[in-house]
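Presented sequentially are two complexes of chain A, the first with chain B as partner and the second with chain C.
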Partner chain A sequence: MSAAVTLVDLVLSAVLIVLACSALAVRSLRQGIPLFISFGLLLALIWARLAAPDLAIAEAAIGAGLTGGLLMVSLRELPTAANAFAVRFSAGRVLVDLLTLILMVVFTYAFWSGLESNDGGRLVNDVSARLPESGVSNPVTAVLLNFRAYDTLLELAVLLAAVLGIRSVGAPFPGPGTANVMLSGLSNWIVPVLIVTGGYVLWAGADTPGGAFQAGAILAAALIMLRLNGHDVVQGIGLRAERVSLSCGVMGFLLVGGAVMLNDSVFLRYPTEWAGSLILVIEVLATMAITFSLANAFAAPPAGGPASV
Partner chain B sequence: MFDEQVIYGLTGMLLFVVGLRGALLHPLLLGQIIAFNISGAGLFLTLVAVAYDGGASPADPVIHALVLTGIVVAISATAFALAIARRIRGNIND
Partner chain C sequence: MIEVIAGFLILTGAGFFIAGSIGLLRLPDLCCRLHALTKVDNLGLGLTLIGITLLEGSVVFGLKALLTWLLVMVSGAASAHLIANFDSRQTE
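Now for the complex of A and B:
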């Protein structure tokens, strides 16, 4: 049994590497990008194999789905096939290959000796010990939104900064197209299912794998499907609602973190009996912000030009 | 130290190096962006392999939270990079 499992692991790893190499080596990126999406989906399977179900959902939705979608949308406007593709032997290329080889050897040695030494001290025990006080029972959610809440706040700020950057610097996207019959028929089924699934994943994230980021990505996918059908929700909600929807994640987090200072005078230290509810409030606001931020990455700047944000 | 940790950890590092090589050598800007994403995925794979503790015991949730944050930051950076790439129309050789 164990040998068969190891064989499966080896095969999965080999396919992963082959997908990655071929995504970069094919002549045209029209083939390379679907290979990259497959790479992301296989990686999601590997997360599930490595006992990381939260990551599996997130990787499938965000890493493979949304990243792949962003790359596909950019296919139209960026060159996808180079004439001078396989640069023949040049000093630079040989140097890079040498660097690659040296790095691989160094990393292998470092990783191996790190695993061998195995100093113990796994944080899983500390997390499990304090999990009852955290307000949720999914350990990853507890770490994300309670023990390391500050990091999540900064992560939402990074997402907001990226959206601001995209809106101010990015070139305009072509507007939403007219949908054909099959796409609109499919969307009539998929969009409601996505909305319900997103809401469920958010709610279930407290006790089972799931959470705000996965839910935000699923809802963003729903908004993107709507846009593909010609209903641009992101553009259509108006400027004030747009600002609120993008910033409510960071703002909500700061407000909650500041409000609990009245109780304990430490930023983001939730009182234990309120922890579950506060986490839910933050997660709902974060989901909304993530949804609109990710959908914004797919959308065009407003008609007044980038400066009117 | 589990077999899975060794296999997936080394695979992750190989992916990092493959992505690094692609970022340096790929002639197209879009290809370089994809290569950075592959590098990032390789790093995440190595991290999660370290967090794995056998099927019976729970894996390290702090590392999982770190990788989840990493996935979201990676797509933010990719989206921004693509926006800039579209603005310069992929002309990295000017």
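Now for the complex of A and C:
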């Protein structure tokens, strides 16, 4: 049994490396992007195999799904000549490949020796010991939103900065007007399922795999389906609601972090009996911010300006 | 006994997956390839999920698997239609 399991792991790792290399080595982006999406899906499978379901859901939703969709949308903007690029041998390319190979060997050795030497404290023991005080029972959510909440705040700030960068290029571009009858029929079923699933993943993130980022990606997929059917929520909600929806993640986090300073005079140190509720409030606001940020990324104007499409 | 049936169903589902992949690589036309791929969605995934549900043995898991299968079938069928539509508009 163990030999078969090891064989499956080896095959998964080998296919992952092959997919990564081929996604970079194919002659045209039109072939490379689906290979990248397949790479993302296989990586989600490997995360599930490594018993990290939160990462698996996030990778499948954001890494393979939304990033792949963004790449496809940007591929449409490139002129046809840019879809095929020549693979040339040059000194710079060989040097970069050699340095990448050396880095890969160094990282593999470091990771391997870190796994082999069992001495030294493991963070999982500290997290498990303090988990009852954190307000949630999923250790990933506890680390993301309580023990390392500052990092998550900075992640949301980076996402906001990215959306501001996208919007600085131009106003959101309207989506396609009329919809194919199959697509509108499909979205009549899929969008409600996506909304309920996103809400469930957000709520269940306290105890089981899930959380704000995964729920935000699922709800962003619902908004993108609506956009493809001609109901552009990103453009339809008005300027003030847009500002609130994009910034509510960071602002909510800062407000909660500042409000708990009245109790303990340390930024983002939640009082233990309020921790679960505060985490839920932050997660709801973060989900809304992530949803609208990702949907805004899809509404970005094309490269040559609106008149070029 | 249940494990034998489940194993047979999963192997048959895997056979459909292999057939669909070979069809994707070897069939000449876009519509033929879409035809092969939607067979994977329907029968390949369905048989595999039935086999896994037999191994798991819980009704809740079966309902979740049924929902997953329905969603994959519906989205696969709609995507195939959209791709074929786009292709027919491209070639005219």
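Throughout what follows, the second predicted complex is superposed on the first by the 254 of 309 C-alpha atoms of A that agree within 3 Å, B and C clash if a C-alpha of one lies under 4 Å from a C-alpha of the other, contacts with A are read in each partner's own complex, and residues count from 1 in each chain.
The working rule: a contact is a pair of C-beta atoms (placed from the backbone, for glycine too) under 8 Å apart; a residue touches a chain by one contact, two chains touch by 3 or more.
This is a predicted model, so every value here is computed, not measured.
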Who does A:152 touch here: chain B (first), chain C (second), both, or neither?
first
Going by the contact rule set out at the top, does A:15 touch chain B (first), chain C (second), both, or neither?
neither
Based on the superposed arrangement, let me know which partner A:193 touches: chain B (first), chain C (second), both, or neither?
second
Is A:41 touching the first partner chain B, the second partner chain C, both, or neither of them?
neither
Between chain B and chain C, pick out the one touching the greater number of residues of chain A.
B
Is A:182 touching anything from chain B or chain C once the two structures are fitted on A? First, second, both or neither.
second
Once the two structures are superposed, pull the chain A residues common to the chain B and chain C interfaces.
none
Hey, which residues of chain A end up touching chain C in the complex?
180, 182-183, 185-186, 189-190, 193
Residues of chain A touching chain B in their complex?
2, 6, 9-10, 13, 16-17, 20-21, 23-24, 29, 32-33, 36, 39-40, 43, 46-47, 49-52, 54-55, 58-59, 62-63, 66-67, 70-71, 74-75, 77-82, 84-85, 87, 93, 96-97, 100, 103-104, 107-108, 111-112, 114-116, 118, 122-124, 127-128, 139-140, 142-144, 147-148, 151-152, 155, 158-159, 161-163, 165-166, 169-171, 211, 213, 290, 293-294, 297
In the complex formed with chain A, which residues of chain B make contact?
1, 3-11, 13-22, 24-31, 33-35, 37-38, 41-42, 44-46, 48-53, 55, 57-65, 67-69, 71-80, 82-87, 89-90
Can you check the complex and tell me which residues of chain C touch chain A?
71, 74-75, 78, 81-82, 85
